[in-house]
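In the two complexes that follow, chain A is the common piece, with chain B as its partner first and chain C second.
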Partner chain A sequence: MLYADTVVSDPLVHKPKVIAAMLAAAAVFFTVLNLNGTVFGELMRPVIGEPAEAGYYGQFAIGVVLALLFTLNVVVIGFLKFRLQVVIVWLQLLCLFLAFFYGFNLDFEFIRKKVWFMVSQGVFTTLYVSAISIALASVLAIIGAVAKLSSNGFAYAIASFYTSFFRGLPLLMQVYLIYLGLPQLGYVIDAVPAGILALTLCYGAYMTEIFRAGIQSIPKGQWEASRSLGFKFGLTMRRIILPQSLPLIIPPTGNQFIAMLKDSSLVSVIGVWELMFLARTLGNKTFQHMEMLITAALIYWMLSMCLELIQGRIERHFRTKSH
Partner chain B sequence: MNKPVIEMRGVNKWYGTYHALRNVNFTVSKGDKIVICGPSGSGKSTLIRTLNWLESHQEGEITVDGIRLHEKMKDIDKVRMEVGMVFQHFNLFPHLSVLENLMAAPMWVRGVAEAEARETAMKYLERVRIPEQADKFPGQLSGGQQQRVAIARSLCMNPKVMLFDEPTSALDPEMVSEVLDTMVELAQDGMTMVCVTHEMGFAKAVADRVIFMDAGEIIEENDPVQFFENPQSERTRTFLSQILQH
Partner chain C sequence: MACTRRAFTLAAALTAAAFTAGASLAGEALDRITSENTLKVATDANWAPQSFLNDNNEMDGFDVDVARELAKRLGVEVEFVTPAWDIITAGNWNGRWDVSVGSMTPTKARTEVLEFPAVYYYTPAAAAVHKDSPAANLADLSGKKMGATTASVFELYLQHDLTIDAAGVPSFEYQIEPGELRSYKDSTAVMDDLRLGDGTRLDGMVGSLPAILNGIENNYPIKIVGDPVFYEPLAIAIDKGDAELNAKLTTIVEDMRADGTLSALSEKWYGIDYTSTK
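On to the complex of A and B.
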């Protein structure tokens, strides 16, 4: 939460001017949308007569009714407590979202038949490719961060070249370069190791910067106290500096992991059977692309939400541990 | 005569072109209690930090516990193990409990067994009178308590000399005395101490010698009675009148 003011004012959505403006904007919006031909037109039949012939009058009547309902909804929610507001608004947005997907006329029987394979093969591959990559990237990031903070010219040069190169190239291009480039040098690499290597190198470069910032944010006094007690560099780093930078490193690293989960879809281009690859291929035969894409989208979303929850728990753990 | 624990001969230090220490000479023998004072920016912190080589010097010779400090030395840690340092801002390890703060160095550096380290830690916590805080974290203690933990942390390494770099400057006024009391007790036990401080009461009570520094130079070095009652240099007189007038 941001800084909470001690002065309590009316909620924004209870100010008459705001309500009036919201009502007007919603009425215009729903009128312009022209909902005569939809289910709303049917519902309004008693008022506007035959929807197909209602014309501008029908459009306007539907617009006003929907705008009233919308505004009433917002005003009522405005009376609730914060938590309840969050839950209700979430549910309403989710319903709108599902209604949007429902509008595609999806073949749910087809989805039901394929979804298990998508989860067992696709989700599994996506997760283990991401997990291995993030673990290796973390190791790379610690080494890179120490090298970037080092006074050794070689170490700094190599580390800064590495971060510059791998942050500067599109990940998709890195995937191609590794999968297609390495065999040119006589080393044939499988798709999965190639994908993991590309993700590791790319995210290792981003995370190097996160780790560097985390290490740098620890006050100099911690180093001085450690060194004056006779701790050597490695011991100081391992026992004093890194444990203190973890609470600073974990939120952005969790962010990177969520980003990687989705960027792992890029390795589908080299034929790794992960979620995105299956989403593109399973519906191919019968042209049911939308079914598979939407299913995969929802699965990605759910995975991300799980990771967000885990990240939140870890952050809370660190917050309660060091006061 | 005792072999000196610390010896500085003709020490010069520059930060870039800024001359931070000018031809500093002084000796600390075993059991000596020395107070260094002087206006801000006079080089007193720099001086005390060169004694365990948190700062390097460029000219002259510093010998601590028989080991000469220089750039190429491999065993700086040997010197630092024998020299306890207490900082203005405590610099406790916030992610470790008080007890862990005290046990860390003996276990990780000296390789002492855990049970023994715990015993030593509790002994020194009792000595600084806060054994009941052993399982708390530094952030839960008051400033005075934190500084006493920091002193105990250094003592756990059983150092031959203790350096204090303005140990009470960051404290609220009512906490200064609890830290000074601890330092007085330490002095009475015969610890060799070098203290940068403006606590003139402390200097009068325990110091064998008081050193006044200005602009990187040692202006005056004298026993406390002489120093306060009969200062030799004009600059010392000005400084004393400034800090003692309240």
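On to the complex of A and C.
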């Protein structure tokens, strides 16, 4: 159930029908996969004989054994407590992923040699580009949100044009337009500032909508009350409206930051040496780009997980404060 | 809401200021190089053995060594920037960097936006296929799925739109009529698709001979078909509008060719002297 209740029932994975269906589906899946030529074929050699000549019988035998193991695994995990279930399933999926990467025959010595440079140069650049951009985008978003909510026709028109334009273009195109377009106006901009500007403008547009929604969610009575107390606009915003809307604004803003961390890879096209650029470049001489791409992928993932944890903490902080 | 309006006007004024503050930076490139004591060189970081990141994570390769030598003879420091190739070839650098030492072919289209002070070497361009391919000569590749780096001379060759406008280059004919042409970000990406199998994604490619040989050396299952399809003169490029820098670079490259520095660098990186056509 998607809500906590007190009705006790068997978990889904312990119902006989579900177990049978799972077993059948897994058996079909593993049979069709044809694992005769793999390590499973070798392990089953006593039963199916020479794996290469086992044919459909071998496929089917391996499929049934793997399906049994898989179903047993699921049923056993079904007995555990919720938290333990989560941890074990996470670990199992992680192992599957690592085994998948391991199957690429990677050169781990090469990764070990390069990983520090990827962190010190790549992660550092990625993080500072994203951090500066999200800070500037937040400022832009507040201005944009106020403009979008104001009764001034010019402000509303410009702010809505801005959000429409920058949400409507691919970020990669914005990066190119700013890097190549601004010099046409006589303003030569370097690669890093151009990247930061593009990310700021694009994410500022998305966040304008987030901030606008946050501000709009505060009941009209709050505005009226502060006006009757003689508060001016700035004071009302600062002391009354924003503190109440922040708990609503923070979670989606955290989301935007995580998304930006990965979108910052787009600025590699203009030659910024961030994580994605290094992932494509470092292995080039010796044709070891699979190694570098996978390493960078794992680094991005770990960074995102750290940010998710931080976001979770901030959300908890605001929840306890506001309730 | 007077305050809203005031805040908004301020923001608009700031934006306008930001746009007007950047006055034009146009000026003589050579003056900039001397005053900053730095030669800013644009290269591709993804093109071994011409230019790549070495084991110490520094720029290295034939082009990089040539650039270092240029800076040394100009008496300035060298600095490398690595924008995407199509940004370099588009010209209009606006002083972001001074020179491209990136094995660029001086095509007619490029001479409209860039100047080429000197050709510093020639590489043969060759066609390659997967090692299981039955293709035995260039004619066998007609009608096939061919790959090349986007905006490169190899792509232009496959599109039958290549005009090489430089002295000392043998003439060539279009010997391949590709059935389908696929463009890639760089030559590594082309070879990565070719290695998957004969015809899996590509039937063949056209690329520079050194890059293909480098791939073969690193166990890519590919082989070269036929003779080189054309000889590609490769030049140093600068932005339009600085005749002084142009003349200076021409002299320096002539000196480097005359005293054997270029040949030595070519031997070092390719094992072959590519500085003249044979």
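The rule we apply is simple: the second predicted complex is superposed on the first by the 319 of 323 C-alpha atoms of A that agree within 3 Å, B and C clash if a C-alpha of one lies under 4 Å from a C-alpha of the other, contacts with A are read in each partner's own complex, and residues count from 1 in each chain.
In this section, a residue touches a chain if its C-beta (ideal position, glycine included) is under 8 Å from a C-beta of that chain, and two chains touch if they have at least 3 such contacts.
Not measured: the values here are computed from a predicted model.
Undergrad: Please work out whether A:Gly153 is in contact with chain B alone, chain C alone, both, or neither, and reply first, second, both or neither.
TA: In the superposition, A:Gly153 touches no partner, neither chain B nor chain C.
Undergrad: Determine, under the contact definition given at the top, whether A:Lys285 touches first (chain B), second (chain C), both, or neither.
TA: Second partner only.
Undergrad: Going by the contact rule set out at the top, does A:Glu224 touch chain B (first), chain C (second), both, or neither?
TA: first
Undergrad: Look at A:Lys232 in the shared chain and tell me whether it touches chain B only, chain C only, both, or neither; answer first, second, both or neither.
TA: A:Lys232 contacts both chain B and chain C.
Undergrad: For A:Pro16, select first, second, both or neither according to whether it touches chain B, chain C, the two together, or no partner.
TA: Neither: A:Pro16 stays clear of chain B and chain C.
Undergrad: Thinking of the overlay built on chain A, is A:Pro243 touched by chain B (first), by chain C (second), by both, or by neither?
TA: In the superposed model, A:Pro243 contacts chain B only, not chain C.
Undergrad: Now for A:Gly103: first (chain B), second (chain C), both, or neither, which partner does it touch?
TA: So A:Gly103 meets neither chain B nor chain C here.
Undergrad: With both structures superposed, pick whichever of chain B and chain C touches the larger number of chain A residues.
TA: Between chain B and chain C, the winner on chain A residue contacts is C.
Undergrad: Starting from the residues of chain A touching chain B, keep only those that also touch chain C in the other complex, and list them.
TA: In the superposed arrangement, which is not itself an observed complex, chain A uses residues 232 for both chain B and chain C.
Undergrad: Considering only the defined contacts, which chain A positions touch chain C in the complex?
TA: Chain A reaches chain C through residues 113-114, 117, 121, 143, 146-147, 150-152, 154-155, 158, 179-180, 182-191, 232-234, 269-271, 273, 277-278, 280-282, 284-287, 289.
Undergrad: Please name which positions on chain C make contact with chain A in the complex.
TA: The contact residues of chain C facing chain A are 1-5, 7-8, 11-12, 19, 21-25, 45-49, 52-55, 57, 81-84, 87, 90, 92, 94-96, 188, 191-192, 215, 218-220.
Undergrad: Of all residues in chain A, which touch chain B in the complex?
TA: 219, 221-222, 224-232, 235, 239-240, 243-244, 321-323
Undergrad: Quick one: which bits of chain B touch chain A in the complex? Just the residue numbers, please.
TA: 52, 54, 77-78, 80-81, 83-85, 87, 89, 91-95, 104-105, 108-109, 137, 139-140, 153-154, 157
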